Amino acid sequence: MQLTDIYTRGKAYFENKEIGKLLDYVETGFVATNDRRILDRFTFRQRCIDAGKADTATRVLGVDLATPVIMSSMTMPIPAIADGGLMQVAAGLKAAGSLMWTGTPIPANLDELVATGVPVAANVKPLKDRTKMYAEIERILSDGVAWLGLEVDAAVGTKIADREMGFECEPLSVAEIEQIKNNTAIPLICKGVLSREDALKCADAGVDAIVVSSHGGHTLDYLPHPLQVMDEIIHCLEGRLPVFVDGGFRRGSDVLKGLAFGAALVGLGRPILYGLAADGKDGVAALVEGITRELSRLMTMVGAPRPDAVMRGTLISD
Amino acid sequence: MQLTDIYTRGKAYFENKEIGKLLDYVETGFVATNDRRILDRFTFRQRCIDAGKADTATRVLGVDLATPVIMSSMTMPIPAIADGGLMQVAAGLKAAGSLMWTGTPIPANLDELVATGVPVAANVKPLKDRTKMYAEIERILSDGVAWLGLEVDAAVGTKIADREMGFECEPLSVAEIEQIKNNTAIPLICKGVLSREDALKCADAGVDAIVVSSHGGHTLDYLPHPLQVMDEIIHCLEGRLPVFVDGGFRRGSDVLKGLAFGAALVGLGRPILYGLAADGKDGVAALVEGITRELSRLMTMVGAPRPDAVMRGTLISD
Amino acid sequence: MQLTDIYTRGKAYFENKEIGKLLDYVETGFVATNDRRILDRFTFRQRCIDAGKADTATRVLGVDLATPVIMSSMTMPIPAIADGGLMQVAAGLKAAGSLMWTGTPIPANLDELVATGVPVAANVKPLKDRTKMYAEIERILSDGVAWLGLEVDAAVGTKIADREMGFECEPLSVAEIEQIKNNTAIPLICKGVLSREDALKCADAGVDAIVVSSHGGHTLDYLPHPLQVMDEIIHCLEGRLPVFVDGGFRRGSDVLKGLAFGAALVGLGRPILYGLAADGKDGVAALVEGITRELSRLMTMVGAPRPDAVMRGTLISD
Amino acid sequence: MQLTDIYTRGKAYFENKEIGKLLDYVETGFVATNDRRILDRFTFRQRCIDAGKADTATRVLGVDLATPVIMSSMTMPIPAIADGGLMQVAAGLKAAGSLMWTGTPIPANLDELVATGVPVAANVKPLKDRTKMYAEIERILSDGVAWLGLEVDAAVGTKIADREMGFECEPLSVAEIEQIKNNTAIPLICKGVLSREDALKCADAGVDAIVVSSHGGHTLDYLPHPLQVMDEIIHCLEGRLPVFVDGGFRRGSDVLKGLAFGAALVGLGRPILYGLAADGKDGVAALVEGITRELSRLMTMVGAPRPDAVMRGTLISD
């Protein structure tokens, strides 16, 4: 199935369904419009003479992937879309050589997902009840995931349209993040960084990577697109840790822009849901493979043999 | 009732009603389009690590408020919307810990509004018949309001669509403003400042605060959005007096932008009417509380514990 | 009749009429879109404290006018709109204290128009047959007009949509313009200047004024809006001669922008036709008076007592 | 037939036809939107006083043309539009004094096209099977074309919407381009340059001209409009070789922009198809002649007597 078909069928699935409301953006929906506006601002400086064929494979924090295109952390609507939805997503991502990233709630069958062989990351929220939060972390670690994610940007909970979601959260301090890091053997990744200040705090706390993200438009309205703050973040970090990004990425061309800004990995949220809704595990695989194929053609044509070789200067903006 | 519902119901109420025409913007309606365009230009630099919970309470010119979100000066269409409309607005604003600001005509029951316990401000227009203007001021003062407002921007009257309104006004001089100030025991606030020149004249005349405002799009077409001139005004005033702002603010995210530009209070005009039309005094309270709740979440997430702690640098513009 | 009504009725008149095609813009119609886009780019810095009441009256090249709002040169569709259309336009403009400016063809009853008492300007085209052109000039002068206009921008003829109009024209040289000037006792005005080079040539040829204009979108596609080149033109002329402007001006707010850029007069083309179509000579008068009334309110509120006192800094652009 | 008619009829021909899908743009279709957006960014600084009549004739790489407007390389959909479609295009272009440029597949009757007397250029793709590529080159040369074109930008094949086209291609090296040049007696032109790096490589390889092009939106999504990179390319080449351009050019005004940026020739792709579909060879001739006529009027009015005399400063951008 081709990408346009996946998006068309996937979106049609959610239309006029109660479950479709879970994909709505916070408050006015500005984030969705702005995501596309910012991504559309950039075009590519082609450099195809003397180019070699690009390879999209990459190794990040000890994990080998066939593509820098991964899943953004998410759990909730997946089981409702298809029987064994999470397992299907795992299978699709594995087939595509990608990574699975779960969100809230932490899947009951997290160990089974890990057992499929797909690399798995799992997030926790900064619950006010820190005891409960630490228990969740311990449970995630015991399930054998590759990375642990911390949603620093869920500090006042999440929100869909006008509806605040019932998570009792509160902001994390640098000291708390450092403590979690010191008690975690696997890589710790903070998700939801949108400023140099928070990025530096993460680096100082010793986290292994950050995700520059506006949380899929499910926390605060009028958050910038991650690419609006990537330059300041990449610059201030001076290469101390890898940076991932997500937010409205839909095609290989979008992913190339994320890489050009310095992202090591680019996450997909709703597209994974569309893939699953359109064709189960095959739809998920087709989605990631289709985007990766587009990315591969583009990488070759801008003279970037590897994901980390896409230069900032590849982007034309005006 | 949630904000989207309030706006939907409130706007529906005015549709195809004669009274709805009172909400039309002057001449071509450019002001409304531009208000949204300018507000949509800004997104937020999130700083949520180490953040403390924000408190929206504020004290301005001796008045304690639970929120920096107040009513913009207005009288006219309110009594026509609901029985005892002004009293309902007063009750709603009081419940939300906000401030009521009346306009033209000066309410006959201004003393009753004051008696509800909500802080009340009341405006006068710069009537050509200065004797009448001074009589109006005296009457307002005798009713026990908290602040007196002077509509310097109604100097050639008001206008809705192509229709000029029948007020006989003419521009105020600095000397006149100074005289009014010297004869007024309570704070005097000039409304409708849109340039550094007028802002400095207000400061020199000794007024206690100004409202940067385009008068709800009811005076002149092609006035800028207040945020287009806030920087020059805040800068030239050097903190000599507090600055309020209104013009197209609809959600907590809009209010945060006003605060980031240096406003001490942010006024709502049409939204108050929508709240009243949607659900009476409860609708007014729900509106202000809903916006304040959004603001509170945002303040926490940008690291601003109090309304006056929102930094200009919180805004990303491009 | 109010402005919105005049525009609504006037446009309705031309809809689906053969004559309506004469109002179409050249080729793709880009000029119309761009005219509005540029005019919409500017808002006003209000300065209303200490403001005196503005007077729109002005005296330009020996002609006294009640308003800087005049007619743009035009003849063709007017007689087809109403019986005695040109005389009605003359009467309407006279009532409004404005100026009439005829175009192609030179009206047979030009002397009658002059006899109404309205100040009249009349244009000639740069006909290849210069003998014929000089004959036309002589005839215009003998009819007693106030000013003679020269359409330098009709040098390759005019064009409506895809249709070139049958005028045999060719570019004028500076020497020719100078010669015409030397043989003309009344003020000579070159219309259709859009660059500093042409402006300086006009000044060097001794012409008395220029009109910065894109010819109502009836010559070349993708001409800029006059305000896009006004700054360079005003600056290079160093005040040697007055500059007029036209192009998409519709309301008093548009006119104020022309004045702020340094125009002494602002021309209206299609709006005059709409006024005539909507209500004959009364419609023409109501149009100019309505726009002038809007202008007057604005001038007062930006602190400009006279048309030539509107400052460039009144405009906010971003 | 006028240009608007040609475009209207031509587009109608392809609507809802299977063949119409061949005109679709790659992936999201962003290229088409961006092409128009960039072309619409520029307007013209008119300089018509002292102007002489412009002549659009030009001589490029030994070929005399009546117009700088030529056909962009293309073969595929032409034979399906009309009987003897390629011969009709040749006849139409010859009548207009233009140049024919064939693409993929290389026409079986290339020699017949040459025999019509129209100057013909023909492209080869960078086939992985270089032996086959060299055979194709030899065959083209033996057919007597004026220029040989090399599609450097088809290095990962072409793509329409989501469908990759079955050409087995791979990037060319500078050494290969140099080798081809050394074995070709006629001018060699590289098509599909979009960066200074590739432009300089072409110059260093000794090619005779380049075409700055996004391949009609049939290779990669989010390629810039050629005018977004023309300045950097023209500047870096320092006049070492002529530069052609194509990409969304539709009218004489678009062509003038190409010339102002320094292009020696401007190519038309889809418009040729529309001309053929609208009226066979006469439609092709009418299209090129109509655009050339528009160009001629514009050149006169901006003071450019020849195509290579259009100055960069003619363009106003903001």
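Here the chain labels run A, B, C and D in written order, and each chain numbers its own residues starting at 1.
Please note the rule applied: a contact is a pair of C-beta atoms (placed from the backbone, for glycine too) under 8 Å apart; a residue touches a chain by one contact, two chains touch by 3 or more.
No experiment lies behind these values; they were computed from the predicted model shown.
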Copies chain D and chain A - interface residue numbers shared by over half, same or different: different
Inter-centroid spacing, chain D versus chain B (mean Cα positions, whole Å): 58
Chain C and chain D, separation of their C-alpha mean positions in angstrom: 41
Touching two or more other chains - residue numbers and ranges from chain B: none
Arrangement of touching chains [line / ring / star / complete / other]: ring
Every chain pair meeting the contact rule: A-B, A-D, B-C, C-D
Of chain A, residues touching chain B in the complex: 27-28, 30, 34, 152-153, 155-157, 159, 161-163, 170-174, 177, 192-195, 197-198, 201-202, 219-225, 228-229
Touch list for chain A against partner chain D, complex: 2-5, 40, 42-53, 251-253, 256, 290, 294, 297-298, 300-301, 303, 316, 318
